[in-house]
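Here come two complexes built around chain A, the first alongside chain B, the second alongside chain C.
Presenting the complex of A and B:
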């Protein structure tokens, strides 16, 4: 099953876990299942149209999914999905 | 200055926006490298809660303007036989005024965006690209942070907006004063910003081997687990900030063509 790495500000939705295994063979499915497994996390990553929020980067492995197939990017069983939000503190 | 870092300009001006958790260590890093011209911009005064990370300030400075204290602290730590020009600007930069403000900077400026305002970060970044000025953008919160050097003269390298298309809404981008930040993480990232700025200033930057170029790579750290990630995507097609840099380069090229011989 693919692994999703959870950034620190979103770990309150995953009971503190920094990575979780989530079913899915394309990114869209993985994110939907992630929200089903951990309620509330979905809207932090995707907007109400279902698109990835503009201040968040999602990677499958080392590739930014915007340069792949976006939400239709295939995700293999041993892939790692990373969510990287912008940090603006100073 | 360490050997191998050849300045692009004889003495670039380093403009540090925000004299806080990132700005203070960045200023120390610049000073230690022997830079000669520094501008510091902040409208805030020192508070006691700043002291755990804003390392240019002490308890005796509480209530005083940060830019004045920072300038004094840098002078106190500098060699009297080395030139050092420090300009302290006590001003609140707001996104609406940033374009004009950045346009007024000298052409050899390198900007370090160390504020805690997400919209300001993007505005400063975009304005720098529109004026052909290299910029380092940094952010820190809790145990985590990000730094990225951007060079508008390297169109094959991503900019900050290639990665993050828009600033997060303020409620999703809390400030250090609200959520907290580990002083050592701010220190690490501020000094890293100084190092990136020095590399941007170096003549060798644009010609270095692919994996050694400073510009276009976001460094993301999570010091709770000691993780570091480098993200260096290709420039994003349709990026508005890259378009501003391209426009600046085109207009500079036209000015060179049209200048009297």
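Presenting the complex of A and C:
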């Protein structure tokens, strides 16, 4: 199963886990399963229309999904999905 | 003519000359300076004519901190922290090291290069590419911390490096250094008071280290009370831990800076990323001010205060800060993505 790396601001939803394994073969499925497993985390990542929020960067491996196929980006079982927040503080 | 090593206004460290005092009191930017650090501060205040149409009867003004030579408000605390450390002899034979999301790093790098102080910066790896490139251009050494840990990760890594080799580093620690708010207490606040002829009624700005809001608010409270009225000082924070107002801190989920003192504040506004980003775009298209997202959040906060006043039919002079320019935040173009992160 793909591994999702969870940034500090979202670890309150994952009981402090910094990475979790989530089922799915495209990014949309992975994010939907993530929200099913950890209620509330989904809306921090996606807006009302289901799009990735403008200020949230999601990577599959080393690639920003905006430069791939967005939510339709394929995710392999050994892929790592990273959710990267903005920079806070001074 | 004075020797070239001296400022045109007098030797460094001798205190402001009469000419310098006059220039400062008249808010005149000098036409000739001794070194780049002399250009820090004394920034223009600009009226936001289009935005303030949404709050009739209330004036909205913004301090153009992007006009500092390093391009951001952070030039002020960086210079003050370095000057105070030099005066105490703490920089002797050491490298300056600090954690930063970028703008303070650019400021340290510029001041360090101008004054001959070597600089090392710890920043999260996902700091925007231009920040990394600008700091590196000044000859600064960069160390990257885990992007998943955010700026708190950079703070902890800097602390770790300093603990490992305490004699090698001078660690200003902008989050705990009183020279940071003092730069605004002696600079920003006094300038705002003069630029509004003491008419400022409200000051609002976002919290990064909290240096700007702490120092400016303390002085504005004092200046107002000395004239029998208060200036209302309001902080702004992102409304969520997962936000996109780069440079700002959501304190409920972060390491709270030591210099932060809630008793200085009259109120806190919780700002959504979307509202801040939308206001940045509006500032560019309607005012010709292409500024960063934290500036957008600041002006959105100022407008929120302005609208509340307008609804009550009260006049007001609401002042905020334009922290930096928008070109610090360009998303990488496709062919740049490999070195952008």
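Just so it is clear, the second predicted complex is superposed on the first by the 89 of 90 C-alpha atoms of A that agree within 3 Å, B and C clash if a C-alpha of one lies under 4 Å from a C-alpha of the other, contacts with A are read in each partner's own complex, and residues count from 1 in each chain.
Note that in this section contacts are C-beta pairs under 8 Å (C-beta built on N, C-alpha and C of every residue); 3 or more make two chains touch, one makes a residue touch a chain.
As the structure is a prediction and not an experimental result, all values here were calculated from the model.
Contact with neither chain B nor chain C is seen for A:75 once the two complexes are overlaid on the shared chain. In the superposition on chain A, A:44 contacts both chain B and chain C. Once the two complexes are overlaid on the shared chain, A:34 sits clear of chain B and of chain C alike.
By the touch criterion defined above, A:22 reaches neither chain B nor chain C. In the superposition on chain A, contact of A:85 is made with both chain B and chain C. Contact with chain C, but none with chain B, is seen for A:6 once the two complexes are overlaid on the shared chain.
In the overlay built on the shared chain, the residue A:65 is in contact with neither chain B nor chain C.
Once the two complexes are laid over each other on the shared chain, residue contacts for A:54 go to chain B and to chain C alike. Greater residue coverage of chain A by touch, when chain B is weighed against chain C, goes to C. Common to the chain B and chain C interfaces on chain A are residues 7-9, 18, 44, 53-57, 59, 64, 67, 82, 84-90.
Of all the residues in chain A, the ones that touch chain C in their complex are 5-10, 12, 18, 44-45, 53-57, 59, 62-64, 67, 82, 84-90. Across the complex, chain B meets chain A through its residues 18, 20-23, 114-118, 121, 138-146, 163-168, 172-176, 179, 181, 220, 222, 224-225, 229, 231, 233-234, 236. By the touch criterion given at the top, residues 7-9, 18, 44, 53-57, 59, 64, 66-67, 82, 84-90 of chain A touch chain B in their complex.
The part of chain C that touches chain A in the complex is made up of residues 74, 100-104, 123-124, 126-128, 147-153, 155, 174-175, 208-209, 211, 238, 240-250, 253-254, 257, 273-274, 277, 334, 337, 341.
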